[in-house]
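In the part that follows, the structures are each spelled out as structure tokens.
Same chain, two partners: subunit A is paired with subunit B first, then with subunit C.
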Partner chain A sequence: MSEHETSPTVLPTLRVRSLGVNYLTRSKGFWSRPRPISALEGVSFDVRPGETLGLVGESGSGKTTAGRAILRRIDSATGQIIFKGTDITTLKGEKLRRLRAGMQLVLQDPYASLNPRMRILDAVAEPLIVHGVVKSAEAARDQVVELLDLVGLPADAASRYPHAFSGGQRQRIGIARALALKPDLVVADEPVSALDVSVRAQVVNLMQSLQRQLKLSYIFIAHDLSIVRHISHRVAILYAGRLVEIADRDDIYERPRHPYTEALLSAVPVANPALQRARERIACEGEVPDIANPQPGCRFASRCPLATQMCREKSPPLVEVAPGHSVACWHRS
Partner chain B sequence: MSAQTAPLLEVDGLRVDFASRAGLVQAINEVSLVVHKGETLGLVGESGSGKSVSAQAVMGLISPPGAITGGDVRWCGTSLLGRKGERYARSVRGKNIAMIFQDPMTSLNPLMTVGDQIGEAMRYHLGFTHVQARRRAEELLGAVGLSAPARRLDQYPHELSGGMRQRVMIAMAISCEPELLIADEPTTALDVTIQAQILELLARLQKELGLAIILITHDLGVVAGICNRVAVMYAGRIVETGDVDTIFEDPGHPYTQGLLRSTPSLEGTEDTLMSIDGIPPRLIDPQPGCPFLPRCPIGVDACRQAPPAEAWKGSAVRCWKAGADAWSMGATRAQEAGL
Partner chain C sequence: MADRLSSKPQTPKRLAILGGLVSELWHDKAGFIGFLVIALITAMALLAPWIAPYDPAAQNVMARLQPPVWLANGDWNHILGTDNLGRDVLSRVIWGARSTLLIGASVVLIAGTIGVIVGLVAGYAGGRVDGVLMRIVDIQVSFPGILMILLIVSVLGPSTLTMIIVLSITNWMIYARQVRSIVMSVRQVPYVEAASVMGCRPRRIIFRHILPNLVTPLLTLGILEFTNIVLAEAAVSFLGLGVQPPATSWGLDVASGRDYIFIAWWLITFPGLGIVLTVLSINLFANWVRVTTDPQEREKRFAYSRAARRMVRPAEDRAVVR
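Moving on, here comes the complex of A and B:
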């Protein structure tokens, strides 16, 4: 943990400042104008070299949107994205294309994210060809075999097709492909949630050992809080498009400040019968609000046991309550 | 729990095969389960382990190319299989045994209102009129914690959120006051805070209605929370059955031990997660002997013969070396937690 503590001399790999993303939606009626929906608002965080930031939230919280906006796959409406000291928020064309080599994506579903008609060699070599590192897949064979070895797959995997591999092996292939261009940052969007428990551990261990070997930074997007605790150095909690709490891993899990973080942690079932039966769940009735029709104030107010009039009127700012620990709550900061 | 009384459901040496172009797939083999009144049995396993197929066989949902090719399913001592059993089964399924499914998005009829769907089983099994069924449906929606139940009756599934749809499914399942509820991954598609709400609802209904539940899940945390007994499945077989506390503290089968240790804890104490190398075997042309042998760290020659169910600390374990510490990597999770 110590090497990841805040040190001002180390330039963060990624710096995100008040990032906001809007999606356009068409309300009823043929002539109606598209209306922006704020899917993400005011999200700020840093990711340092060799560090994993866990991005946690329930469905619709904006975690995938944040990942995609950082990778510049979708445009952001507000804020800044600074990658290795360069503002990349509005990069275009060739510069944006070249930037993509430095930041890569690992996707959730290893069954849907590999083209069934491409050999593993072609799939892993594709980014190398696109970025002009090699001329053809055959020319990249040595590099591909090396990458496959890195993720624990045999060399003969290169000439086979995705159907010959299990879910865990496919996820390894997805990781090899993401690492082909030697990125500094990998955004992994629910990389293990489609995998079975015993295989999940293999992939998580692989990701951790690759991080140490290659000094990678990860943004690990997940809804499984126990996996996030295991792999992350820092954890950010999103709720309905807003960042509600961000802190070092142990602070989040042992000293949660935001009522939503508390409710979320208490809702995770633990695999220990005596403990699980004795645990008290912090009530969190109701459901996630509809972000298409946002209410003023804190987004969690409708489900929050602490909510007061102020919470329903004014949105709380993200405030640093302890070194490296920020919370957006009127009552807890 | 109530070992003296006759069990509600007995599954005895059940086998289900699926014919495929590549050969015969043995989805489940020699699966035996007993469920007593009012208890919760957790059926745990990874994808393809046969947990859903077992439930579908009980509910009579196996259709070609699948077929039940061996064993028996008995409800209160009477078989539900065979020509005579089928007739009896029709009066039992949906009434005495009800089922809820994983995906509330796809398992409700999108063209029927919520009220009509809930009322359907009551009209069929209990002979309710449309008006009676509607009145009862409204009560049920209130009982499963939906707000404004009267308004929900005329809504369609697309107007409801995932958590609300799962509540509708549960209302439908309990409409005929079943004695056994089979819940196939009821919370897998839901967010954790909603999952906690649904699990609390199931626990409350169980207490109020004296319901027995078979809870199918891959999440060991869910099992730990609400089950009394657990059956662990691997490659179509039950490898271990026992009391929930015993299984989590003293797992007897190497697979159960591995599964528990590869689950990260919320306390985050482990440096590296233990992983079970390899992948589950293909169910086409299964090898004789223990199906876990290729991945088992303590496999011996004897394992080429299928192991019988051995007694181990009150559990039944299908392993020649039941209780041996298969993954000698420090203390087990339970010991770490000071239990």
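Moving on, here comes the complex of A and C:
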């Protein structure tokens, strides 16, 4: 899987260029105006057909925001989103709705992502109905059964309600629903973090085999590094709304460049007690920066062991240090 | 179930669904009784001219304040006694059901519809639309309802239709507020987000994903409001601006019987009992509707009823086991 194409001739499924998203603060008091907070700033990456991009970061790092902005659930303040060669950054109305057939979402919480009042048949057939593929859920029954079979559920699941299923099964239903329209890109927002460890592997393996069968591209948002390593071809690390490092999976796990990536990887336990004890754990001192009151310079400077005066004054650009491996750090690039 | 064998494909299916619902209702005894009582009261209202023993407005000064038949001095001519003008209480209760049910039901429906639409729009659109709509609600709530009623009635003139319009205008706000708050919270639910990412149009999201969540709270609110409307109608009628004599309503009779509560309790009791019975049976029936529209609750009910049937026939079960 690591021999992925770096040749520029392959048209990427998704190309994101310096994407930025602002949130508005709730105005304090009657007269103050709401102030924009930059939740995401200058994020750029490509996702090629059949490739999985792992999007990793701690809570509040903007990984979910990035996923939502790509799906056009929230508007971006700056940058460009190019999906299969068309700029979709400012698409609106019916065109945007049509676009949605090509990119789908798998949500984190399988218990809340299915409408409890809709049968599985209706839920999985809904994308087909709203995009005019079929007239009614009954007419889509064969397709739904096929989709359920694809995700490993029996045909009789179609006529039951979501509460009859376990978390893992519901996540499979969510995946079947996302695949109904044969999308090119699936944004999976922490699809397994709400599941039991024993079920996680099943769902991740299912996603991988579906990718191979259907040539899907995934954006896999997660904070569990071992699962990201398992499923991703490329990995992007976000910190406080900025991309700090992006590289092929093996590059990033074996030769991390950014001090934050190093710290993050050192926190992943190794399943070998002797090795685990011998490892050096890099603990980050200091606080996560408050993105509501941004300081100049590198966002990681307050916690970085390498930080110098320059880091606190100027924010580092994302620089390609090796083929396909980019880092935003003054000292490591 | 013999309908299924019929050659037409569409109607038997619908009949089967209807038959299934009827048998479900039959198994929920409380819901069934509620439904039965509502049906009876409605039939009584519709058939009033044929079943009422007297003209409800016919006065008989000789037979004033006669007690019901089971008390001393009561007689079979006036089963539920007579009022201060010698009018037959039973006939008045039967006729009163007409305007009470008509006004109560139509006001709940009309005000509910207005309120639900306003609440849905405000909650779903948010932002400025929400701000404007909710300020309208605030203004309407802060404006004294009875003053509004007096104003409108004095312009339009009292009639049943005026009553329905007036009470709808003064009672829709509570639905709007409740619906708005539910819509705002349901909009954040992941399955609603999934629907919009999937490419559902707003109308579909509202009707398929948001509206079903409103069934339970709206049923409860509608029933509470029904009693409110009956009492509001009584108050307005008491002021002489609502239901006009010789027509009558339960609320009006309760209001005017109040003066005689210590010497003739039956004046206020029987129309009051009518209100209580109506509300109670709507409540029981609505509870059945609530459970039936929620798949999870419904499945639980099936499980309970199956378990209950097993309890009733333990001997048969044991025979099977052996």
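Please note the rule applied: the second predicted complex is superposed on the first by the 330 of 333 C-alpha atoms of A that agree within 3 Å, B and C clash if a C-alpha of one lies under 4 Å from a C-alpha of the other, contacts with A are read in each partner's own complex, and residues count from 1 in each chain.
Just so it is clear, a contact is a pair of C-beta atoms (placed from the backbone, for glycine too) under 8 Å apart; a residue touches a chain by one contact, two chains touch by 3 or more.
The structure displayed is predicted, hence computed values, not measured ones.
Visitor: Look at where subunit B and subunit C land on subunit A after superposing the complexes, then choose clash or fit.
Guide: Overlaying the two complexes on subunit A (C-alpha atoms) leaves subunit C and subunit B fitting together cleanly.
Visitor: Check whether subunit B or subunit C contacts more residues of subunit A in the superposed model.
Guide: B
Visitor: In degrees, to the nearest 10, note the angle that opens at the C-alpha centre of subunit A toward the centres of subunit B and subunit C.
Guide: 80
Visitor: Using the superposition on chain A described above, determine whether A:Leu214 touches subunit B (first), subunit C (second), both, or neither.
Guide: In the superposition, A:Leu214 touches no partner, neither subunit B nor subunit C.
Visitor: If you stack the two complexes on chain A, which partner ends up touching A:Leu91: first (subunit B), second (subunit C), both, or neither?
Guide: Neither partner.
Visitor: Report for A:Asn205: first if it touches subunit B alone, second if subunit C alone, otherwise both or neither.
Guide: A:Asn205 sits against subunit B, while subunit C stays out of touch.
Visitor: On the A-aligned overlay, A:His230 touches which partner chain: subunit B = first, subunit C = second, or both, or neither?
Guide: first
Visitor: According to the stated criteria, A:Val133 is in contact with first (subunit B), second (subunit C), both, or neither; which is it?
Guide: After superposition on chain A, A:Val133 lies in contact with neither partner.
Visitor: Minimum C-alpha distance between subunit B and subunit C after superposition, to be given in whole Å.
Guide: 9
Visitor: Share the list of subunit A residues that count as touching for subunit B in one structure and for subunit C in the other.
Guide: No residue sits in both footprints.
Visitor: Inside the complex, what are the residues of subunit B that reach subunit A?
Guide: Residues of subunit B touching subunit A: 46-47, 161, 163-164, 191-197, 199-200, 218-225, 244-245, 248, 258-260, 262-268, 270, 272-277, 279-280, 333-334, 337, 339.
Visitor: What part of subunit A is in contact with subunit B in the complex they form?
Guide: My answer: residues 58-59, 166, 168-169, 196-202, 204-205, 208, 223, 225-227, 229-230, 249-250, 253, 263-277, 281, 284-285, 287-288.
Visitor: For subunit C, which residues count as touching subunit A in their complex?
Guide: Touching subunit A from subunit C are residues 189-191, 193-201, 204, 208-209, 212, 293-296, 299.
Visitor: Touching subunit C in the complex: which residues of subunit A?
Guide: Interface residues on subunit A, with respect to subunit C: 71, 73, 97-98, 100-101, 104-105, 107-109, 112-119, 126-127, 130-131, 161, 163-164, 174, 177.
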